[in-house]
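Next come two complexes, and both contain subunit A; in the first it sits with subunit B, in the second with subunit C.
Right after this comes the complex of A and B.
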């Protein structure tokens, strides 16, 4: 196969003619139902990631007619995911955006994906539950805003998602209320994870194996993880349980249609003020799919972009934006790290990058000079990513970079996923420039606030202490860096201060829904994918209930 | 590759087949069949049981030889001591083969020495593995029980040595009274030892199958049948000469366990096939997948249990 063939999926749509790529075979197909454009489907879903893909499966299985759109390609992991960091950038959303603010975001690797299955195709598989108190962080912890959903409700849906993804997790989780057993057992720790364990023991805090969405034993058509280590550039064995190989096969079986390489540019609203369908670009031209309901699940940049770009005389500020909050309160996770060098051979590229974790500072509120919490995990950047870290953070180049890279196999590191506070000044808006589809590109402005910086400082002190505790040398702090996207269409109890309600239904337009990380009112100190899927499961159940009661 | 429904059907089907096979085997058993062919009745019962024990010891030794070779190779033989179980288990295997072919009664000092050495290596191995676990973060945690040096594995070597040691004791006995080992009549002694071995091995299978999340329902078979066999065996020993039905059932479940040990290797072969690349990638998957040589340990121990039955029967005949 030539290099071009590995990019074939980007050239022409694959899901058509009654079939879609079979992700469990190198070249095969599975049948897919198709829906005509001019008859309204029950749900048109924009995006097939953790929010949209999950919802598509659940709604299709509940008997609704569903068409889901994704701007990205439909890859077959077994034959099209290379062990090559550069090549695999094909999975990232790297379309042009204008990034500004004190801490302009770097978009792509760890915060946005462009593929059927969304960024779960290249996520680090870290599948954590929110701390129960975070759902009422304003009332209980004094910061952010309360969620409109009860934590026990969410924990019920966490359970569902963990079962569907066959999460491999520890037998006993050290923090928070007792949780049911993970469906699969924890993975073997690599040397990088053992370094985290020793650092935690040196600091006197708990640590555990990270609950991961990669299999530790066979399951259906998927084999257990082979610890290849290319998780965040796309798993080529299907051990990773992504939306691409879990929810979407279910969606297709349930009768959903998924259109790949289909960029939705605008949601149409009718004279009644309701959404009537979506305009999407596929195969070189624009089409219109009629729908009774529209779900936006494009993640925290593309979702507000689409809502804002769908402005019309009736909704001059964009759809669902009577609160003025669409695009605002963009949140990320601070993603700083402490790195060091040890005598032992570590070879951190082996296995999933974050096999061990401590959530100590998510659950412990003592002696904090900041609001919120952070988790930290062991690390395993692949060589190119590590070289990039050296160049970007330390300005190493030439011989100095070569010398530093010689130490690669002895490097250890601890990296945080830190909560950031919602701020209205952090926002997504439309720029004047237009992209290849002729759509205005997103302007993304982001700045840490003082509390975010205090959290980062606390974390850096603590992590450096941990590395010193295991006698690491040449310790340095990576102070730049963010991961994940949240906010920009927050859920809430009050139409004046939120965009959607607890069911992800927009306050302004009753047949317009938003179901992805955008609806998070606060970010929590954990990776968001599990929570997004749990919200999607809950939304699907609520939609089913409402349909039965005739409230749709 | 396999849906959960297919796996359930497979587990049910195989359980049925195993039950039928053990029933057939039980039916073709002819009590005292050997004795009719031999003039030295007493001696022969002992020899017959000794041969069965040799067979058990050999099977366990084979299991350990193959398993420790693969696992210690995977561990890169980082410690020279990691060659030891390989050497002793092969010796035990060879000497068990020789013992099984040896029609002579009477002790053989060389076999005896090898079996005692095998026991010693197994005990030392257990200590080594515990030491290995103790120095890892988390100490006696699930993570280390799952993935560090397996605590239970060296015990198979101990069991192999003990079975062999018992077989030597039996060969030494020719008198017309019930011989004793460790203060117990030989049948009871062998029975209790086999039951303990079955329980321990089931415990190890339980730990590792728990690690595999019992993803295939068949993984429950080796954690339920052997403990049942062990329980029935202990009950048989405790019940004394009467209770023919109990003995029948005990033998049947032991036979089930014996056949299951062989079928287990087949299931592990299937497990290997379900790893990425399957058998085409055997060089990696023999190590990454479930251990192919482990399940026949159950067969070895079940043989010991059946030998105990032979001895118990004999003890009954001799009882006043």
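Right after this comes the complex of A and C.
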């Protein structure tokens, strides 16, 4: 095993001594401001992914002093990212978690990152907006709960994020209200995406090229995508626009400090009941950073885990938990697929995995026997991931597995990102087992509800029909599978039924904020990162407004 | 040699623009792992070797991918998945229990350890494990069905398809940075991709594959 090679970033922190790794160079550095531990900074941010990294940049640029912490390493993609499924597991959160429920989740490489830049370092870059009605799904569509944010407000921030990430997208997006042009042209479609296009045409619905956070033309120090197809194991060219190479360089320029390999174990609260800073483990020992405000942005498992692990006599059930909802209403996206075989050589390992999409069933509510919606996208799994699907979902092994795998280059597939409903029984709680820091690990319980299963059935019928329409053979359904994490600290209008308000500020502790995938009240049928970043941009603007008005 | 992609060897690209330094070094390290067990004892090792042959049977006409050694290396490093089904014990423990339980089942059924069974007997036992029908006390309450699908078959298959020899077999382009690809459409092939032996065109594919760099 290649245990020691190219893992230095995991061994000792890099961001120190006034400098941080330059992600645009193989070995270089950029200057970084540093803050003392004993003077409170304006904001201590836990996590530097879609939520935390974005917020760090915006708050630093607004003039606040910011220190952001990430348990993961600070990688330099150009020199440290291999084209290899196994080696790149170094990007993922692989500290133990225990999964239960009717549908125990598959986490690890499937679901969450641990690196400066968070899960966006290995995300598939699909960058979608919510359907406007979803922000009021209870009032307008009859399910879930309403968000406390207005869709037009969100559309303003979506635009901001799309510009920052240089999204490549189609000239005309077929669904929803008119949206501005994407900043970069759409990517060429690979054969896998064209199969989706033909399947949609056979079914008489719209499709389009997927809005993606990878460049279709050079931009500043980043080159265009070379279609190498290893996106979900990290992009070694910097074409991918992740938090690591967009928001975080801005954060550093704005004067933020980012501490890598810094695991926050506990948020401290003072005699006044307010958060006073964070205890974090770095370089072999625990330290305490004082802060005027603490933001938790660890994604929907680590965020509730940290809040629960920070319980103290004043807050015996964990921080921000007077509603009892911290850790509850965990949502995922159903991630089922229909797969088939065609005569053409598809070679789906070329290009970003999901170059084409249909959001038809997100926007069309005709004859649905379920609430919610789903998008579906073309696919391009790498060999080991594809083998795991054959073993895990299809039960193949032995010669049957080897024979099936040989068909790799003729395979096509359509996979959903399906909305699931919030349920209180789906939750993150603390297990008895402890991790290497001595902290209780997360127990994650998840079960689909009947509505989720009806949505999946609808999707499977429809997608199989699509594959039949293009004369694919040996069609089969992958009926398990989930992706993304949302909802364990939901936002709302009422302190009794939500954890934070529309500004991501906790109801219970006014200087404690939560800004990541946890705040989603409903999941929508689209990948979440664009929405998380839009919420972070909005939160930063709101914090700026409140500070100006003296309401912080 | 690969049946579909004759003479394709992904490693012929090793020195070219599809492989960056980090990829070269980590793949070299994988190819160089010790072939002897470092974590498992001799009995566990023979059982594991037999299991690997069942889960991914390999052709005789090429050097074998050392699957058992790859699993042993993972056990040595204690590289779990980063989560586990609550019904399974942690990574190493699951493997230890599973190996011992399959051996105990074999002894019960055939008065012979798992490694000493015929391939047919081994396959039958594994099919029963997959179906969840094995309940010997040696399982210590671990459901055989979950051990089979989430550890045994899962880990062995993943180890195999992370090895360059398997990439040749499935016609995977392999490492691709910084060069990437240009021709994305159906039936379009870049000169540095494997050529498939369509019936009647085997020698052409062979020729093209010899020139992959």
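Note that in this section the second predicted complex is superposed on the first by the 547 of 552 C-alpha atoms of A that agree within 3 Å, B and C clash if a C-alpha of one lies under 4 Å from a C-alpha of the other, contacts with A are read in each partner's own complex, and residues count from 1 in each chain.
The rule is short, and it goes like this: contacts are C-beta pairs under 8 Å (C-beta built on N, C-alpha and C of every residue); 3 or more make two chains touch, one makes a residue touch a chain.
Everything numeric in this text was worked out from a predicted model, so none of it was measured.
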**Request:** Identify whether subunit B and subunit C fit side by side or clash on subunit A in the overlaid structures.
**Result:** fit
**Request:** Please work out whether A:188 is in contact with subunit B alone, subunit C alone, both, or neither, and reply first, second, both or neither.
**Result:** both
**Fill in**
Counting residues of subunit A touched by each of subunit B and subunit C, the higher count belongs to C
**Request:** Check whether A:67 is in contact with subunit B, with subunit C, with both or with neither, and answer first, second, both or neither.
**Result:** neither
**Asked** A:226 contacts which: subunit B (first), subunit C (second), both, neither?
**Response** both
**Prompt:** Centred on subunit A, what angle do subunit B and subunit C make, from Cα centres, as a multiple of 10°?
**Reply:** 90
**Prompt:** Touching A:218, do we find subunit B (first), subunit C (second), both, or neither?
**Reply:** first
**Request:** Pick one for A:399: touches subunit B only (first), subunit C only (second), both, or neither.
**Result:** second
**Request:** Please work out whether A:198 is in contact with subunit B alone, subunit C alone, both, or neither, and reply first, second, both or neither.
**Result:** first
**Prompt:** Touch check for A:414: first (subunit B), second (subunit C), both, or neither?
**Reply:** neither
**Request:** Kindly classify A:237 by the partners it touches after superposition: subunit B alone (first), subunit C alone (second), both, or neither?
**Result:** both
**Message:** A:45 in the overlay: touching subunit B, subunit C, both, or neither? Say first, second, both or neither.
**Reply:** neither
**Message:** Rounded to whole Å, what minimum CA distance do you find between subunit B and subunit C in the overlaid structures?
**Reply:** 7
**Contact residues common to both interfaces of subunit A (with subunit B and with subunit C)** = 188-189, 194, 226, 237
**Fill in**
Contacts from subunit A onto subunit B in the complex sit at residues 170-172, 183-186, 188-189, 194, 197-198, 201, 207, 209, 216-221, 223-224, 226, 237, 239
**Prompt:** If you look only at subunit A, which of its residues touch subunit C in the complex?
**Reply:** 1-3, 5-6, 79-87, 89, 92-100, 104-109, 188-191, 194, 225-230, 236-237, 344-347, 349-351, 382-384, 386-388, 390-392, 395, 397-399, 401-402, 405-406, 408-409, 443-444
**Request:** Would you pull the subunit C residues touching subunit A in the complex into a rising list?
**Result:** 3-4, 18-23, 25-27, 29-30, 33, 54-57, 70, 73-74, 76-77, 79-87, 90, 123, 126, 130, 149-150, 153-154, 157-158, 160-162, 166-167, 169-182, 184-189, 193, 196
**Parts of subunit B lying in touch with subunit A, wherever the complex brings them together** = 1-4, 136-138, 142-143, 146-147, 210-213, 215-216, 271, 274-276, 284, 288
